[in-house]
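One chain, chain A, appears in both complexes that follow, with chain B as partner in the first and chain C in the second.
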Partner chain A sequence: MRDFLELAVSATASGCVYALVALAYLVMTRPTGIINFAVGEWAAVAAFGGFLTLTHAEWPYAAGIAAVTAAMFAVGWATERLTVRPLVERGAPVLAPILALLGMLVVFRELISVGFGPDPRPLPQAFGFGRLEIGLVAGSYQSFFTIGVVLGLFALTWWFFERTLAGRAFEAVAIDRRAAALMGIDLSRVTALSFAGGAAIAGVAGLLVAPNTSAHYMMGLPLAVQGFTALVIGGVGRVEGALVGGLILAFAEQLTVRYAPVPPGLAMGVPLVLLILFLLVRPTGLLAAREARA
Partner chain B sequence: MQHSSFARRARALVAAVLVAAAPAAFAQGSIRIGIITDRVGPAKPYAEPVTQGAEFAVRELNAKGGLLGRKVELLIEDDQGKPDVSATAARKLVDAGAAFILSLSLTPATQQAQTVSLETRVPHMTPSNSGDTLTTQISNPNFWQTGPLGSTQIATLLSYARSKNYKRVALVTDNSDLGQLINRFFKAGLEKSGIQIAAEEVVPRGATTAEPQMQKVRAANPDALFMTGVLTPENTLVLRAYRQLGLKAPILANYNLSVPQYTSVAKGLLDGVTFVDAFDPAKPEVRRFVEAYRKDTGSDPWNLHGYGYDGILLVADAIRRAGGTDRDKVREAMQATRNFVGVMGAQGSSYGFADGRRTGFDTNGMVVRVYERDVQGKVVHVGQK
Partner chain C sequence: MLELAGVHGGYGGADAVRGIDLAVAAGEAVALLGPNGAGKSTLLAALSGVLRRRGGRALMDGADLMRMPSHRIVAHGLAQVPEGRRVFAPLTVEDNLRLGTIRLAGASRGAAAERFDAVYALFPRLAERRAQRAGTLSGGEQQMLAIGRALMSRPRVLLLDEPFLGLAPRVVEEIRRALEALRANGLTMLLVEQKLDIALGFASRAYVLVKGRIALAETTAALARRGDLASLYFDLAAGAG
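Coming up: the complex of A and B.
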């Protein structure tokens, strides 16, 4: 039982990171239909931002996190302005910005590689390295911190989409882009904001995971794949879907490694199997999108 | 403070003048040594410091008058760790007049570059690759390997494990090709030694935790834990989970844990970890090298810098004994190398290619060291005895 509860904390923390990357995808995909695989690289950029502010410059933790998240918001905004908008304005098919963003993935990774070199860089843990035990439930300080921050962010995102006018505008664009434009919603502003928000969310994911893994130039792609799988599992329709998808993926991964009687190498195939299963059986994910009301 | 700053600037100015004047001091054209490194691919974290060590060796050689009175010039090509690009890079270096090629990239890339040295007969060496098959798969008399073989590293660590009388051990690796290969070698060696594998776990590249794997290790209750992976972030996850879950079994790690970057990314997690290395800080040659490198670059070298440094000095030694860059004479001189004491290797060990072998690292030249807090500490075991 102790093992299982320990594992539950670890899987929840990992699932929260996957969920955050899935949310970054979702925030951009819902209103624009564009899947941006560069989210993993955004997480890596933020992780290196965290290295600069928290490790190198030794800023207070909250200040460093806030500064990097704000910078990532600007990076997302600039990425949309420079790579997506010119293509959309020229009437390019939806595949064009996806390919351009794949190109940006390489640009971000190489910029990190050139700027910081190949060595992994350390980031401090929010409350240092330690173990918190609450009865039988036990985990690292960083795991509990990650879970708390991610749940808070999901609550905030849900509130934004459900309770604010700007969020409703996003939802309207997601449901019917043309009708939303006819109602006076500024599509280009929504698109720019969705990329800026996506980059900020991906950045927080990078800042939460890097204290465990370190910041390194190859960290982006695995995060992008894990987040995408979580997105497929949960569905692109609802904010809650990203969270559910992330948690299912992480629990499936870690319970298989810990308890399934399979060779250690095969357990790594679990995310792939889940991805294929959901694409075949339930391509809309577990939580379906809200339909337009008549 | 100001005085020291002025003195530094003055020394830099004098050095610059000397460097500017240097070309005039060399009698003939330069001796070109080609390097194939990986600047952007998976071997970059290892290849870069090795390349820096080679560059330092060349600066040192030229400062002492060059080689046979000629300036030594490095031609550096990037193969991105890709075998196909590596062969092209080797061809380019041959065309540019390289008298010798050093491969510092991945083992498969070095293997592919050998097709060029085999055909063109340009002497070719890797001072850092550890793959056991580099000199056995292709019968190439123009190729040598002076990095410690993977099998030597494993045998050294296993020798240490035997001295501790471990009966049941766990293996934890990653899913990189090299990590898997090293794990297989370790597993075979352990089984051959009659040591039982109590658990075997893989932490995949990009994992966010190693806790499920380390929970299984904890449940297996091994006498020791062998870390056979080569990916620094994933190894750091293993160390973090090890401490987090309160494991007490001693950790024995492959040479990857000898890379000093662990002292920053795994700070606070390393105390007591033993690891295999080819760098003995107490060796006089190492102390001289560290001091000279620090003076030249302002930073301390790693063990990896020593591979590149030794590589250049071995090549220079062969060219010097050959009396020039004639390919056949250099090949004969390199093959005749004996008792060459470099930076790498335990005290008393040396490089040499006796009995027609083309692997030059002393099989008893590796050491086992232990981390004392976050510092790479003393040697606790030498060789395979």
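Coming up: the complex of A and C.
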């Protein structure tokens, strides 16, 4: 039991990270229809930003995190301006920006590799190393910190989409771009903001995993795959779907590693198996969008 | 109020609208008639800035709409009720209306509340259904919502694209009365319509659009005396060659 609860805490923590990457995909794909696989590289860029501010410059933890997240917001904005908008303005099909962003994925990775070399760089834990025990539930400080931050971000995102006029405008663009434009919603601003927000969210995901895995120039791809799988499991329609998808994926992974008689290396395949299963059986994800098109 | 000169525009290849000149005076209701595919909806889309415009000018209070992006056009005071209503079906009636306030000048809480009151007074049925999802409304109610949503930005010019299409006669009458009340309040309107009998009496003048060009401009009374509109379209199309 104790063993299982410990596993549950660490699975919840990594599920929260997957969920955050899924959320980054979601805030971009809802209003624009664009799937941006560069989210994993954004997480890596932020992790190296964390290395520079927290490890190298030894800034206070909160200041470093805030600075890197703000910088990622700008990176997302700039990425949209430079690679997505020129294509959209020329009336390119939606596949064009998706491919351009795949190109950006390589650019980001190579920039990191050139700048920092292939060696992993350490990041400090938010509250240092240590274990927290609440009754039978036990886990590392970093696990609980991760869970808390992610749940807070999900609550904030949910509030933005459901309770603010700007958030409703995002939803309106997702439902009907043309009607949204006729309401006076600035589509290019919504697109830019969704990329900026997506990059900031992906950046936080990178900052949360990096203390465990270290910042590494190859860390982006697995995150991109896990986050995408979580998105497919949960469905692109709702913010909650990303959270549910991330948790399901992490539990499936960790339970496989712990209890199934397979070599640990094969656990890498769990997201792909789930991805294929869901695409075959339930391509809309578990939580379908509240679509009531009349 | 609204003055178009040589407006060109279209989707993709050839321009569906080729050199439109027309004028709508302040407080006037003008109908835009014409057969299917004449370019009526394309012209409205060009005025709202939601398609690529390829020339011409559309002056409203001295500013050229053709040089503004769609969101600035709404802020400038021109709103459109699109063809097919296009309400945001998964959102509530109230959220649909609130989205209409996004370009409301001085977007204070008071200004928005005043717009809600005005629209609910015009269409009391929307007030009754404010918490309902727009997709669950009847066709007539969705049309009221589409009109109400466009009015939330307090426009001075309202473009309406076939607002009566597919509605029961009783609902057509209800919406027509609402539009007449708006006109009495000084709202300038440009209305796309297929059927003359509905536009007649409500709009004072009409332009007939054929093959992307204005083929005829007359008062609706004079147009009504010409009799069968379908044969008129046919003659105009033959003349336009």
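Everything below uses one rule, namely that the second predicted complex is superposed on the first by the 283 of 294 C-alpha atoms of A that agree within 3 Å, B and C clash if a C-alpha of one lies under 4 Å from a C-alpha of the other, contacts with A are read in each partner's own complex, and residues count from 1 in each chain.
Note that a contact is a pair of C-beta atoms (placed from the backbone, for glycine too) under 8 Å apart; a residue touches a chain by one contact, two chains touch by 3 or more.
Worth saying up front: this structure is predicted, and the values here are computed from it rather than measured.
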Touched partner set for A:186, first chain B, second chain C, both or neither: second
Which superposed partner A:226 touches (first chain B, second chain C, both, neither): first
Superposition-derived comparison: chain B or chain C, residues of chain A touched: B
Touched partner set for A:102, first chain B, second chain C, both or neither: neither
Which of chain B and chain C A:74 touches, first, second, both or neither: neither
Which of chain B and chain C A:94 touches, first, second, both or neither: neither
Partner chain(s) touched by A:165 [first = chain B, second = chain C, both, neither]: second
Contacts of A:113 with chain B and chain C, given as first, second, both or neither: first
Chain B versus chain C as contact partner of A:137, first or second or both or neither: neither
Residue ranges of chain A in contact with chain C within the complex: 91, 165, 168-169, 171-172, 175-176, 178-187, 289-294
Contact set on chain A toward chain B in their complex: 3, 6-7, 10-11, 13-14, 17-18, 110, 113, 117-122, 129, 131, 140, 209, 212-214, 216, 218-219, 221-223, 225-226, 253-255, 257-258, 264-265, 267-268
Chain A contact footprint on chain C (complex, rising order): 48-50, 52, 69-71, 73-75, 79-80, 82, 86-91, 95, 98-103, 133-137, 142, 149-150, 153
Chain B residues touching chain A - in the complex, by the definition given at the top: 40, 42, 44-45, 48, 175, 200-202, 204-209, 211-213, 215-216, 219, 232-234, 236-237, 240, 243-245, 261, 264-265, 267-269
